[in-house]
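Questions regarding the structure given below will be posed in turn.
Chain IDs A, B and C follow the sequence of writing; residue 1 opens each chain.
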């Protein structure tokens, strides 16, 4: 939507590169990644989130067992983040929330990636008119502001995690599609492809050998940048009561419960918001570092 | 959407129950117009009261109003026959548009109207003919007013003079002086105006006869009332009343603290906080409520048709924890739907929580660990907390519950037959009804005729229906008391109801405002006044 | 140049048409009576009858779509399923409050964003640049509603500096109440603005004419403001175009948290009350606004940028 239809760069949104002028070091990709302090911090924060998800069953509390008499307790050695309005241990709920956040964000991103790449390949390989139509559709999808699209879909499907997944796929798939399409077009024009085709190589083989390897890097970067956005969408919809249903502990619903009682106790709000901040920062830092590492010229996301 | 709201504080039984005899004699003796309006303040020019109401107006026709907000506004716009006292501990009604009334016998009540109550427009002065028309209009089955029952035993009104008449009943009617005449059904409007409006009206009244009239209405934003210059019976201290519809009480609390509101009812769960901690420049009062809160179980739903399943649900719910969690400790479980201040109030429930028995019943019904239910609630923090406790309680006996939250308008249509078959899909629901200070108002919504209207449980008990009729015309207090207790027993035995609590009312007002509240905390806005100095 | 304008315009129109078709089809994606679905379970019977007549539900899908477009072109977005008011009126009446909020947020994003962008480009690699870079990345990833709640917690509830709810009355009161919601929506975009500005300043500084100017001994300040910034702000305009659209839709969080009226609150309430015509209408109006703002930004950039102008006219 922000550039003419045949824009050469994937992900037309103009997110500039802050460190494009940084001298490229000749080291392994991972080595370069963790030598970037921000990237390192990102990895640590993500590791923290993953650890939280893994440890979810290991506290001495049940995330949905109620004890209203113990409500609104401040943080203590017993309840590390205090308790909510129903006396549930917030730390435990946050840990379980990490499972939902990670599952939804990574799952949805992968689905969006697969669908997006497939669509991009079709657009790139198909006839010219199909390409144009698909580009138009990608543009149209990006033209509906994310939150509005989410609200619209939830109206149709009713509140559930599936609605959240659907939203994320619709919002994020076009960026992947564009990348795959651009790469496909470039490959198609390359002469060696004609040669291979002449030698009888199948389309699928060509895609596997020449298209996919070329887009893995950029796609991973976009994915890393997408994950925090997805975490935000899931939490946001749950916050509005349109995502997971109670008593499932999503960070968004913890935050909303806390918001209802924000003047009784600050702890539920702190407990619900903090992991969202940590996770989104972690993935964003990682994405930035990945970008610096792999492709200094790439802009991505929207 | 609730109907008439009223709750009470330290309500003395004597004052209502005897109805006819006691009250009538008192009022007849008194005959002093507006003995209640102790407010001596003169009218203050340019003064504005900004108050929160929980909903926008939806209908101002005395025969078709729907919410307590409608009733509050109607109270300001039209002269009522009688009016409840404000700022008193005891719920009592005083003559208002009526100058006096007198019981000739149990079924004949003579009344005299004040002279000089003027209708706006060209509808002239209020006369006994108007009273006859207004009362008989609501009683007329052809109009099909939801408030027909307010005049259940009205035979006719006999006009004996320009300002005098006699209300003739077919049978004695206990709620007449406690709820009918002081309530909206006691509003007197001229026939010509109603007919000019096409037989009924909604939000644009054809004329006004009360202390205020509508100046401007911006739907969902504000309703501005201004002083009615024709009104002479009492003071109307504020020049204008600005009523702001804010559905979420917690938002209203923030608005009050930001100085946007002079008056607001707050949420039940905030009562403990305001009791402990008052914002500067504010006054807080708590009132015992008459409004009742319960969980309904819809026996019309296929999954809940088995009475044993419903009993199992009843037995599984930990009422004490539900009430504590939703009110943050501000309320205690109730034994029924008629508050302790009224006759007919029960002392205890017929059962106690029993998880084992509940499981046994479910097993017997072949429903062990196989029941998936929904609980429908209005979207508020209190309902959500209560629903989550119920969800956890029922999980203990192997019933999975999904919570469905609705905005108020949608919620109040869920159990209505008019909306298609969805009333059969309803399973569990949390509901809160408002009350008038007479027990008949608590029970009248659960008769068999109310199924698909307000009886969302599908509670269908012939004895209950008969008792409802009989108790209305019973003026022996003791007998009446027993009848209402029996009715609540029947409700509980059906397995359709889990009684939760009576809803306490917390009210915040600016210390620059002298409020005028009924014993239940319900505001009578036209008696509010700015504090001097 | 004219050709580019035309192409760009055409694309926008096509996109809007596509979105309309999608919204239209969504109604049919749901099983059940389309009239009931389109209007929601609470629609009153008269409105349903009217809807059937207007949309011609017994006709073919294509005819219905045509009817839908025709009424749209006449500014008819249908009627509120509950009150019966025209949807367009309701949406437009709520629009100004959201617009103020978005304007406030743009200011919040723009002022610090521009300052940070210029400083970090001027002192590239320095401490300001590093801090600004970390800061930019940090603020742009945290969701607006988390920021909103934390702002509410700290500045309204703990400190009591700002009123917690409403849009207020009178200029100063309105401004006062705009501060926190604007911050909530605008903060994230400080990062975007600062980064895009920094990058385009750096790029521009390497251009020939700037180097020439420097060779002539012009002061760094003059070079920055006379030569570099005039061009370097252009990509920022494009980002702002997108930003405005995203803020417009994220407004729902700020409006819910701070109890403000606006289209976000409108659509939220409409979803909860299953008042579908309002939802569809709001999404459509917002989308069109978004498309128009982006189009405007792109055209403005094209028109202001001598290079692009030149390239495009070839």
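Basically, a contact is a pair of C-beta atoms (placed from the backbone, for glycine too) under 8 Å apart; a residue touches a chain by one contact, two chains touch by 3 or more.
Every value quoted in this text rests on a predicted model; they were computed, and no experiment measured them.
In this view the innermost chain, defined by its CA centroid being closest to the centroid of all protein CA atoms, is C. The chain with its Cα centre farthest from the Cα centre of subunit A is B. Averaged Cα coordinates give subunit A a centre that lies 21 Å from the centre of subunit C.
If you average the Cα atoms of subunit B and of subunit C, the two centres end up 45 Å apart.
Per-chain Cα centroids separate subunit A from subunit B by 50 Å. Counting partner chains per residue, subunit A has residues 241, 263 touching two or more of them. Shown for subunit C are the residues that touch two or more other chains, namely 272, 274. Contact of a single residue of subunit B with at least two other chains is seen at positions 379, 405. Subunit B contributes residues 219, 221, 248, 251, 254-255, 257-260, 379, 405-407, 409-410, 413, 419, 422 to its touches with subunit C in the complex.
The touching residues of subunit A, when paired with subunit C in their complex, are 1-5, 13-21, 38, 136-137, 139-140, 143-149, 151-152, 154-156, 228, 231-232, 235-236, 239-242, 255, 258-259, 262-263, 266, 269-270, 273, 276-277, 280-281, 283-285, 288, 302. Chain contact summary for the complex, subunit C toward subunit A: residues 4, 7-8, 11-12, 14-16, 18-19, 22-23, 26, 29-30, 124, 133-134, 136-138, 140-143, 145-146, 149-150, 152-153, 157-158, 192, 195-196, 198-200, 202, 235, 238-239, 241-242, 245-246, 248-250, 252-253, 256-257, 267-268, 271-272, 274, 276, 279-280, 282-283, 286-287, 290-291, 294, 297-298. By the touch criterion given at the top, residues 250, 253, 269-270, 273, 321, 324-325, 328, 379, 381, 384-385, 387-389, 391-392, 402-403, 405 of subunit B touch subunit A in their complex.
Contacts from subunit C toward subunit B in the complex involve residues 41-42, 82-83, 85, 156, 163-166, 259, 261, 269, 272-274.
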